[in-house]
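Each chain carries a letter (A, B, C and D) given by its place in the written order, and its residues are counted from 1.
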Amino acid sequence: MANTFGQVFRVTTWGESHGGGVGVVVDGCPPRLALTEGDIQPDLDRRRPGQSKIVSPRKESDTVQILSGTFGGKTLGTPISMWVRNEDARPEAYSEMARKFRPSHGDYTYQVKFGIRNWQGGGRTSARETIGRVAAGAVAKKILRQRHGVEVLAWVQQIQHLTARVDPETVKLKDVEANIVRCPDAVAAEKMIRLIERMRKAGNTVGGIVLGVARGVPAGWGEPVFDRLEADLAKAMLSLPASKGFDIGSGFDGILLTGLEHNDPFRSKRGKVYTTRNRSGGIQGGISNGQTIYFRVAFKPVATVMVEQETVDVDLKNTILKARGRHDPCVLPRAVPMVEAMTALVLVDHALRHKAQCE
Amino acid sequence: MANTFGQVFRVTTWGESHGGGVGVVVDGCPPRLALTEGDIQPDLDRRRPGQSKIVSPRKESDTVQILSGTFGGKTLGTPISMWVRNEDARPEAYSEMARKFRPSHGDYTYQVKFGIRNWQGGGRTSARETIGRVAAGAVAKKILRQRHGVEVLAWVQQIQHLTARVDPETVKLKDVEANIVRCPDAVAAEKMIRLIERMRKAGNTVGGIVLGVARGVPAGWGEPVFDRLEADLAKAMLSLPASKGFDIGSGFDGILLTGLEHNDPFRSKRGKVYTTRNRSGGIQGGISNGQTIYFRVAFKPVATVMVEQETVDVDLKNTILKARGRHDPCVLPRAVPMVEAMTALVLVDHALRHKAQCE
Amino acid sequence: MANTFGQVFRVTTWGESHGGGVGVVVDGCPPRLALTEGDIQPDLDRRRPGQSKIVSPRKESDTVQILSGTFGGKTLGTPISMWVRNEDARPEAYSEMARKFRPSHGDYTYQVKFGIRNWQGGGRTSARETIGRVAAGAVAKKILRQRHGVEVLAWVQQIQHLTARVDPETVKLKDVEANIVRCPDAVAAEKMIRLIERMRKAGNTVGGIVLGVARGVPAGWGEPVFDRLEADLAKAMLSLPASKGFDIGSGFDGILLTGLEHNDPFRSKRGKVYTTRNRSGGIQGGISNGQTIYFRVAFKPVATVMVEQETVDVDLKNTILKARGRHDPCVLPRAVPMVEAMTALVLVDHALRHKAQCE
Amino acid sequence: MANTFGQVFRVTTWGESHGGGVGVVVDGCPPRLALTEGDIQPDLDRRRPGQSKIVSPRKESDTVQILSGTFGGKTLGTPISMWVRNEDARPEAYSEMARKFRPSHGDYTYQVKFGIRNWQGGGRTSARETIGRVAAGAVAKKILRQRHGVEVLAWVQQIQHLTARVDPETVKLKDVEANIVRCPDAVAAEKMIRLIERMRKAGNTVGGIVLGVARGVPAGWGEPVFDRLEADLAKAMLSLPASKGFDIGSGFDGILLTGLEHNDPFRSKRGKVYTTRNRSGGIQGGISNGQTIYFRVAFKPVATVMVEQETVDVDLKNTILKARGRHDPCVLPRAVPMVEAMTALVLVDHALRHKAQCE
C-alpha cells in the first residue's frame, strides 16, 4: 500500500520523472460529482515547474487527462484515472547521476533498497510524483467545498529567517496567489522573492515553512486512536518530498506554556460551542472540534545545488559531483498546492469514514 | 482500521480507562520468538502511573497477561492477545465530567462524534489506551534487537524552557532510567524535576520534547511514496495523546540553513558508505540510509489542571469546572516508553515489508 | 491482516483451542447500539460443543464477557473486546498429536509454515477460533436487524445424500432451531440425525451443505470490482474450517441452463422493481438487487475419525495414528451459526461502505 | 479498496468499456524482474474478443503499454502502470440501454447504487475491466515461474452438459491452447465448439466450468484464519464477471464421502512428505501442503441474449428489450486467462506475505 493513501477515499499514484508519464487512480469518490479536467488543471498549474523565475525551469505543460470514472461530466463512483505525459525528458542531463549518488537525495537509498533505480531526473523520488497527488487533491477539494462547505488553503509562511504575518481565519486564495512566492504578506513576499533569487544565482537553495488551514470543518471528523486527524495530517505532510517537520496548533512553541495557559476554554453562544482561543489547532482527542484547523510543515532547502559536493559513486568510491539538472532554488511556492492536496485527501477520507460509522 | 496500526506487523488496541481493562492484539508477529510476560512488563512499569512523585498518582499494577499466540514460551505466528485489568477505577471522581466538557480534552469532540462517551477517566482518550501500544512495542523492540541488531531509545530532551545536552549516538537506556524524569543529562534532569514539582503543587502542568532514536537500522527500510519511514513515524508520534509536533533530523531548525549547508555528503570507507553529518536524520527519499534515525516529538502540557476553568456543559450552557481526577503535572517521563513503542512498531512493520518485496 | 476481516466494520479474532481463551475485537461498530452479553450468548450457545448428542462432546460453557466498547449498555463507537475463557483443556488427550500429523488437518501445514505449532486440540486451527466470529456476528446481526431490517438465516440443507426441502423466502429461525441438526425439514432432519448417530458410533464423520439467506437487503450494497458482494461472501465462507465450496443463486447447477433460461426478467409493480425469478441469488454486477440473497456452502466430513489412519510423524517417518480427542461426527449443526455470523459481517461491512461513498 | 486486490502485491484496476481506456497499477512488485510488454501481451491476446468465431466479435487489438515502474527492461519496485486504449467504441449500439435495464446484468444495480451509470457497453461491469487483471496476472505468473517454480494453468472443463477428461497433474498450456474453446480434451472440445456455435446462431448463450490448477506451490503459503489460501482464491474467482460458484479439491462432491474416505493420508519418501490422494486440493488448514492446488469455477451463461426479454426501464415502466450489442455466446474460452490471472495474483501475494512473516 506504499503508493496508496487513504482508507475509504483512496488515492494511488504512479510514475517516474522520466518515462511514460505520471498519474493517479482515485477510488471511492462519491458519484454524481461534476468533474472535468477544468477542475484539476488549475492546481496542476500552481504545482508545475517553469511557472515563475523562482522555481525549477523544467518545461512541462502538465496537461491532465481523465481516462475513466466520469460520464457526461459527472463522477460514476468507479475509479477515476488521471494522467499527465512527461514531455521535457532530458536523460542526458542526468547521465552523471547514473554513477554518482546525489547527497541528501534518495539515489543511494533507492539503490540499496531496490538494487536498481531510474536515475533520470530522480525517477520516482522526483517531485513530479506529486502531480498525481495534486490532481486527486483537486477532486477532494471540490468535494469538501461543494458537499461540506470546507475550504482548504495553504501558503508560504516562512523562507529561511523571513516570516510572514498572516491571519489564518481570513486569508484568501487570491491573497496567496497575489505573488509568485505564494506568501499573502506582500512585504515579506517581496523579501522572500529577493532571497530566493539570490540563492538561484548562487546555485544554492533555501527552505522554509508552509502553513495549512482548513476552515469550516464540522466537529466530529477524525478516528481515534491511531487515525487521529492530526496523525493522518502529519503522515500526509511528512510524505511530501523535502518535508522535515509538522506541528499543529501551538505545536513546538506550545511547550513553553503551562497547562492553564495552553488550554482552550469552551464557550457557548446561542447553542453553538466554540473555544475562546485555538491552541488545539482545531483538533481535540484526535477529532475536529469545529474551530479552524491549522498546522505548519517544514521543508528543507532543496538538495540539488549547482556547486561541487563530495559524494560516493556506485562502486562506493569517494568522488565529486556537480549537479547539472534543473536548479529549483526553493520548493516552497510549488509545495503550497501539494500541502493543500494532501490536506484535502485526509479530510475527505475522514469525512467519509465518519459518515460510515457515525451518521 | 482506526484502532489498528501497521500493514504487516499489525497492532489493534482496545479498552477504556474504566471498564474491563485495556489490551492489544498483535497480528503478524514472526514465529519462534521467545516471549513471555517478562519481556513486556518492564516497559509497562516505565509507562505506569504512580511510579514516582512527578507523575499521575493513579494506583495501577498494570500486570500484563498473554492470552494467546505463544506456546512453550515462543510465539506461534498467530495473534498475540495481551491484556491488563483496570484496578484503580474511581468513577465517582469523574462524576462532574459526566456533565461538563474538560477544556482541551476529547470530551466534547467524542460527544459530538459518537453521541455518547464513557466520561469515567476519559474513557478511550485516557493515556491508559497506550498500555496496549507499549505492550506491543515491547514485542517489536525484542524483534528489532534480536533479529536486526536495532536499538530503539527515547528520552526527555526538554521540559518547558529547560533543555538537555545528550549525545544521540552514545546515550544508553541506563542513562535514561537514571532519574525519574528520564532525562540523561543529570544537571538538566535535576532542574526539570524541580520545575515539575512546582507545577504539581500549583495544580498546573508543563510540556516539552521527547527525543527518539533508532540505532543500527540498515539502509533500505521505508516505502515511498506515502509510507516513507518518516511519514509513518510522524503518524505514530502524532497519534500519541498530547503530542503536537514532530520533526526529523534538522527538522524545523534546518530551514535556517542553505541547501549546501544542509546536505549530508556521502563518504566511503572500506566499502561502507556513511554521511559525514546527519541532517537527514537517517532517512533519505523516505528510506533509511544506515545512519542513526533521530526525531523530536512535542508534547503539550497535560490538559487536566487543578484550578477552575471556563467551559460548557452537555446542555451547552456556560459553566465552571474544577477537575478532581488525578493530577499528572507532566506526561513526558511516561511518554518516553510510548515513543519507543511506536518507533519500534513502525520499524518492525517496515522491516517485514522490506523483506516481503525486496529481499 | 490475516486475522482481521472487513474494511470498515473490522473484526479481529485471536486465541487457540488450549490457552488463555479465545476472543475478538470489533472495530468500527456504530455508536449507541444497545448491546450486552445477552445479545451475544445465544449464538455462542448455538455454536458451542456439547449442545446435543450429535456434536462434539467437549464441555465448554463458552460464556462471553464484553471487556470494552460499551457504556451503560450501549456501544461507544470504540473497539468492542469480547472473550471466552477456555475451560475443558485436556492437553493429555492430544499428546500423540505432538508428534504425529493428523491427516487432512492443518497440523502439517502449520508446522511447515511456522516451524512451531500448538498441537493441543488443534491450536489456532480448532473450530474454537470461530467463537470470536460468532460473537462479532451477533453484533452484526443486531445492526442489520435494527438499523436495516435485514434478516440473516442459515440451516442444514444437506447431509451426505440426504437433502431437505426448504423455502428460503419463508423459513424462520424457530424452524431451524426445531431440531438438533438445524434442518427445517422435519422429515429430512430425522433421517440426518440417524445418519449422524450411525457415523458417531462408527467413529466416522459426514459432511454436507449449509444454505444461507439474507432477506430484506436493499438494492445497492456491494462494491465492484474486487469486493463484489458475492466475492466477499465466498471469501467469508471459504474461511470457515472444513468448508470446501460456495455457490450463489443458480450456482453450479445454473450451467445447465441457457442464457435465456437463466436470466431473471425485471418487472415493476407500483413503482417497485423486482425479478420474476431469482437465479442471480439477489446479486447482479456484484451489487444486491433487492431480492433475497441465498447461497450454499459445502462442508467436508470432519477430519478427526476414531479409527487408525496412515500418516507421518515430526521426524517425517511413516506411522499410524488413532485419534483420541473429542469426536465430532458432523460439524454442520454448529456451522449454521458460523455461516450466519460471517454473512452478517459481510453485509454490515458493505452497508457501511455503501453509506460512506454513495449516501 | 473495492478496485484493489491483494495485501502486499497490490493490483488496482480502472476503466470502463467505453471511455479513455482500461488499465491497472501494480504496487509491491519485486524489483529487478525482467519485464516488457512482450510478457503481458500474450495473455491479453488470449483474453481479447474477436479471437475466434465462438467469442464476442468486438474488434479490439488490446495493445498494452507499460507507463511506469520499469527501467531498462526491469522492474524498479515502484508502481507498474499499464493501460490499453479503447478502440471499438460503438455507443450507438447501446443507446437502448440508456433507458432499459438488461436482465441479469449490473445495469439496474449500478443505477440504484450510484444514481448514475455509464450505459455504453456496460461501463465498468464490462468484461473489459478484466484487461487490467490479466495484465497484472501476467506479471504475477512470471514471478511465480521464475522465482518460485510455480506454474498456473486453467482450462475449460465443462460447457453445459459436456464434460472433459483432463489430468490436472500433467496437462500443458499447449494442450489448452490447441483449440479455440481452450479445452485440452480434443473430443469434448469438438462437441463444445459445436454447441457454442449452435448457441451463437440461436442468439443464445451457454455457461460451464473452468478448472484452475497451481503446480509446484511449496508447503506453507496461506494465512489463517480469514486469509486462508482457498478463501482468497474463492474471493478472486467470485470477483470475475459471470462467475457463480467455486469449490476446491473434492468440493461439493466431497460431501458424499465419509471422513475416513475423504481424508488424505500422509506418506513420507526419502524425507519428502506427500499425500496418497488429494481431496484437500493442495490446501489444509488454509495453508498449501505441497500438493497440486486445483479448484473449479462455475460461470453462468452470458446474460446478453439476442432475443426479446421482459424488463423495466429507467422510469420503472415494464417494457421489452432486444439487445443489439456484441453477442458473446460463451465467455468460458476468454475466462481461462482471467482465472489464471486471479490465481497468480493470489499466489504471489501469499508468497510475499509468507516471506514477510515466516522466512
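Structure notes:
As a working rule, a residue touches a chain if its C-beta (ideal position, glycine included) is under 8 Å from a C-beta of that chain, and two chains touch if they have at least 3 such contacts.
Fair warning: this is a prediction, and the values are worked out from it, not measured in the lab.
A count of contacting C-beta pairs for B-C and for B-D identifies B-C as the more extensively joined pair.
By residue number, over half of the contacts seen at A-D repeat in one listed pair from A-C, B-C or A-B, namely B-C. Put simply, the C-alpha centre of subunit B and that of subunit D have 46 angstrom between them. Look at where the CA atoms of subunit C average out and do the same for subunit D: the two points lie 26 Å apart.
In this assembly, the C-alpha centroid of subunit B lies 39 Å from the C-alpha centroid of subunit C.
In subunit A, the residues touching two or more other chains are 1-4, 7, 13, 28, 31, 77-78, 113-115, 124, 224, 353, 358. For subunit D in complex with subunit A, the touching residues are 1-4, 10, 12-16, 19-23, 25, 27-28, 31-32, 65-69, 71, 74-81, 83, 113-118, 123-124. Within the complex formed with subunit B, the subunit A residues making contact are 1-5, 7, 13, 101, 103-110, 112-115, 124-125, 129, 158, 160-161, 199, 204-209, 219-228, 230-239, 244-252, 254-268, 271-273, 275-276, 279-281, 283-290, 296, 298-305, 307, 309-312, 316-318, 353-354, 358. For subunit B in complex with subunit D, the touching residues are 7-8, 28-31, 77-78, 224, 352-353, 355-359.
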